[in-house]
Amino acid sequence: MNRTTKVSIIGASGYVGGELLRILSRHPGVEIVAAHSRQHAGEYVHRVHPNLKGVIDLQFTGEDPVKVASNSDLVFLSVPHGTSVKITPKLMELGVRLVDMSADFRLKDPSAYEVWYHYRHPYPDLLDKFVYGLPELHRDELRNARYASAPGCNAAAAILGLAPLARHGLVTNGTIVVDVKVGSSGAGGKPSPATHFSERYGVVRPYSPAGHRHVAEIEQELRISSGRSYTIAMSAHAVNIVRGILSTSHTFTDSGNMDQAKIWRAYRETYREEPFIRFVRDKKGIFRYPDPKIVIGSNFADIGFELDPHTNRIVVLSAIDNLMKGAAGSAVQAMNLMLGFDERTALDAPPLHPV
Amino acid sequence: MNRTTKVSIIGASGYVGGELLRILSRHPGVEIVAAHSRQHAGEYVHRVHPNLKGVIDLQFTGEDPVKVASNSDLVFLSVPHGTSVKITPKLMELGVRLVDMSADFRLKDPSAYEVWYHYRHPYPDLLDKFVYGLPELHRDELRNARYASAPGCNAAAAILGLAPLARHGLVTNGTIVVDVKVGSSGAGGKPSPATHFSERYGVVRPYSPAGHRHVAEIEQELRISSGRSYTIAMSAHAVNIVRGILSTSHTFTDSGNMDQAKIWRAYRETYREEPFIRFVRDKKGIFRYPDPKIVIGSNFADIGFELDPHTNRIVVLSAIDNLMKGAAGSAVQAMNLMLGFDERTALDAPPLHPV
Amino acid sequence: MNRTTKVSIIGASGYVGGELLRILSRHPGVEIVAAHSRQHAGEYVHRVHPNLKGVIDLQFTGEDPVKVASNSDLVFLSVPHGTSVKITPKLMELGVRLVDMSADFRLKDPSAYEVWYHYRHPYPDLLDKFVYGLPELHRDELRNARYASAPGCNAAAAILGLAPLARHGLVTNGTIVVDVKVGSSGAGGKPSPATHFSERYGVVRPYSPAGHRHVAEIEQELRISSGRSYTIAMSAHAVNIVRGILSTSHTFTDSGNMDQAKIWRAYRETYREEPFIRFVRDKKGIFRYPDPKIVIGSNFADIGFELDPHTNRIVVLSAIDNLMKGAAGSAVQAMNLMLGFDERTALDAPPLHPV
Amino acid sequence: MNRTTKVSIIGASGYVGGELLRILSRHPGVEIVAAHSRQHAGEYVHRVHPNLKGVIDLQFTGEDPVKVASNSDLVFLSVPHGTSVKITPKLMELGVRLVDMSADFRLKDPSAYEVWYHYRHPYPDLLDKFVYGLPELHRDELRNARYASAPGCNAAAAILGLAPLARHGLVTNGTIVVDVKVGSSGAGGKPSPATHFSERYGVVRPYSPAGHRHVAEIEQELRISSGRSYTIAMSAHAVNIVRGILSTSHTFTDSGNMDQAKIWRAYRETYREEPFIRFVRDKKGIFRYPDPKIVIGSNFADIGFELDPHTNRIVVLSAIDNLMKGAAGSAVQAMNLMLGFDERTALDAPPLHPV
């Protein structure tokens, strides 16, 4: 890159927007040209993201997204599902690169939007133009891609843990139970009775025991990875943290696959060179398995497993920071690939501990 | 009861011991004659259980448990697995009633101790003398029983949620995934690196992804309830709370059972008269499903479910205060039945909220 | 009391209202005849206070407060400052007893309302009819009183710690620094950006470094207790808990008063017979000083102190559960005195620990 | 600098050691040549600091500290008070630069060690050779200094807030109340009953209401800054967070100084060019005053104030991440100055939010 890439963020006042700003503020090859927020137009960024005081000296712009995009080389769309799809086609016409943080371009099958998101996708032809933004599964497609769709946070955690087993045929039962535990930041920054501190503190709250929309992308990505269909039985729980996801995937297999070496081999072959995948499985110590506490602030996905011979079960554990690897971190990693930067640029902050 | 029943607690310095003291301090038919602790002999109870300052004016005794028991009508044995079994036979010889808080007399099948607890049970003949202390499943046996064995905390949560479905044939897949989320108090009061605040705060830590010993009693109680065998695929996670358990049980069934009315009927028929079971399932509101936050300080077990037509899954959710319904509360409830008290005596404190 | 006292709560949907309901549900001499809430009229109480499911089977009433009061022997007014004063005179005309939870009748000096609450009190003549509802300072007046005004939560903590020293002349510097640390429940149940979990979690937030309105009642009560004027330099901080207040009062004195025995004597003489005051000061152990963690769920006020010879300072520490001793607990204690019940009725639940 | 500076850490297994490793792992001018820990010799660093897995591929060395230092250009001494003083003279003989994290060389007056640390300092002549490691107060001395002593965490917070006021004569009362609220990581990584999660969670625990040893360095630094003596009346409280300190300093002044513009001027003149000081004081918004939540993971010190005309009080609020600005961050900042690096090198990570 001879010149600095101009990047803007549409919907920069949410938590994912703030995280993009935080990461990009340290990216040597990128200039943030606009932080867009209709609601906060004219306010300083640090009034909404107080951590960025003294870090980013920008005001939110309320300009039309198309106008914003026309001055940018790459645009992050950090707006709600259903909103993104309304403006994306216009942005594509401008020739700008896009990383969409919403779900509107994650699924390849248009009919899946009717099943899981309850709307008819207005631009089914565009779906194939977006690469699913998990570099661990789609690195080659992301290199030089024009459009990427960042993964759902819970989906990212589950897929990263499961794809190697699916790919290597180590899950023989078609139904996988994915039980996720999520921090509050995944629900965004808008106050509500359910997010009122006194009501939210200390919960273990089943907020989506069935029907979670990330099922669609998990099933899609496992199918693409393995060439085989899996049915995901997912339940999501809100727990007493702000950042972090633990996905516990209960997979069942043939007894012949209950073999640690075989499973390690599957993981190693898939992720050997990955800069942001760590394997966590210790015989002793405090953090013997993945735990979101240990990835906070970083782009790492920690992956581990345990065998349960009582039930021929492989319990897959994956932990991420939902705002990083589960959203803004993966998005910037995808951007780095799209623009030809070193994939790790601006993403190499080690996790904080203890925190 | 014409006279006050003399009750003592062996192992009264642990969290379960403290909870027994707290509950019994308000029991009008019971006198606490001894709080036994070898380690804290001579110290005032409130030095170990600071909440009981001004509530209980007792010193721990270090006397021999047999001596303690000989002055008691009923003894709570709140000592570790493996310790209880060593002293129980001697206490039984005294003719005293017993409520054992350990696992040593929970299982009916002696060989299960070798599989799950890795020791050969020295008194297999005594196992049948103990009633499993969940009044919801064993009320008639507990009435006038001499010996009861309080349930494991995670097991209590899972069993209460699953037994009605198992009993009514609504779970047709033999393997049930039980994914539990547990507060720190279940791990007891002994400091360790893993329980050091800076290391334990904010975790979602898979502490027992496979091989959890409560599997044995869950399988036993479902078998007794339903006459059918189930295999439990259990994983346990430590979450960022002190009190409380949420058990998420993923059960699979035939499509014909995916019927709310049918499931409600199963729960209602089983628990209609239960003083401590609440059904929680709302269309709106914050607490639409069971959440341990809403039972803290009480003996309630909150139970609810959700249907997942995508996978023919009934997700069963059950929430308890692990020190109450999961330990001391169920134990006192069992004691009340054994001694002929109203079952709710000393257990009627409503949960605290918000807390 | 020959018959059950009919009690109603105006404003029963807030946290203090819920706590009153929780306590009164266990009061043998009282019948809750109405839980009033305009906003939630017609809804079941447990939809707003989920802990009370299975405990209280009432629906909120939206009837006019005067109508509600006319069927009651005693009314708790749990409405905001400024609202209470509008309806109180009408309720007084009905001859009903009142316990006002707002600040509208706490201060004796009408001009103090202009200074601290920024409104001109419309009924200055009524101020003297209300007894300040801290039984530890006003027990005799509360016996058979018709009207009581429950203390402010932070004020209750500070006053209980300071009054004995003031009364015994042990504070010789006229300015006392009161640095309080408060849980979220004191701010009530209404969602706002500042109480959004992701924003509120983990804070040590100075929400009122100066100008806190409870200064007025602390100065009033210390003056009444001691006959001397003190100036309170108060700062309040929101901390990462839901329930509980710690008040740290930094008082300065003459070196001759830096004498533990003398200070203990002052506390003992003042509180010797108090059922809800505990002195906490240990040489060893975890909870050597008061800590709100140890009073949760109870009506206890834990009080302790430390001497700082470096500055001739007596650091006074007092810890309460803000919804109990800091609001509903003190209010019911006052009610018990007003109605001739044993003061401890319905208030004897020991604190929970650990929680 | 033509070549990479060789840095080692003696006592690298504690939380401050881990934070030094985390920061230095991203320092382009520094090579970590040794992470020393007697207890963990031979273990991989990430076994103790699990966040550093995949970040630092070192094993702890158990070699003699003198040996370690002899291969280093600069040594961080992250060992307990009293231990540092025993090895420091030997290290000084080697000609190596030192940054001492303990208190052993913070105080200039040897007799202060007897008063506050209860030991007779064995090398009083060495005290003047160490620069107190707060760059905001001692930048010029730190440039090219050979020896620096990192500040105490609570002291750093208090001093940074108070020094500008003292320097500008805005505090006229000689006694300042410093009420600090601290996260658990300040107490280190060693388990104890008081740090056991179930006992530590949810506390507001006065752990040092009087006699806190940081008083000595606060008084020293205010004296050096202002040429006037202040007496610090300090109380420290453990709160329910892992990282972070809020210091609330209650200062009293003449009414003529109760002037916002005057106070702002004092702060601006002192800190105008500081890279890590932020002023936080807003009329609206959530974070109107400093709050440790907003500095987590960064080297920022957020400073603000409020005026209390009722008592002629200036309430000074300062918030830091205790492991960063309160320890390792300031230490690396000092190191950068000592070695001629840009002061901000490796310290420019923005805070995380929300977290």
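Every chain is named by a letter (A, B, C and D) in the order it is written, and numbering of its residues begins at 1.
Keep in mind that, in the parts below, a contact is a pair of C-beta atoms (placed from the backbone, for glycine too) under 8 Å apart; a residue touches a chain by one contact, two chains touch by 3 or more.
For clarity, every value in this text was computed on a predicted model and none was experimentally measured.
Taking each chain's centre as the mean of its C-alpha atoms, the one that lies farthest from the centre of chain A is C.
When the C-beta pairs in contact are tallied for C-D and for B-C, the bigger tally goes to C-D. If you average the Cα atoms of chain C and of chain D, the two centres end up 38 Å apart.
Chain A and chain C have Cα centroids separated by 46 Å.
Centre-to-centre separation between chain B and chain C, using Cα means, comes to 36 Å.
Under the contact definition stated at the top, the residues of chain C that touch 2 or more other chains are 15, 184-185, 189, 193, 198-199, 201-202, 241-242, 286-287, 296, 354-355. Note for the complex: chain C touches chain B at residues 15, 18, 22, 25-26, 47, 49-55, 184-185, 189, 242-243, 278, 280, 282, 285-287, 294-298, 300, 348-355. Chain A meets chain B in the complex at residues 175, 177, 179, 181, 193-194, 198-199, 201-206, 209-211, 215, 231-233, 235, 237, 239-241, 244-246, 248, 250, 252, 286-287, 289-293, 296, 305-311, 313, 315, 317, 319, 354-355. Put simply, chain A touches chain C in their complex at residues 15, 184-185, 187, 189-193, 195-202, 241-242.
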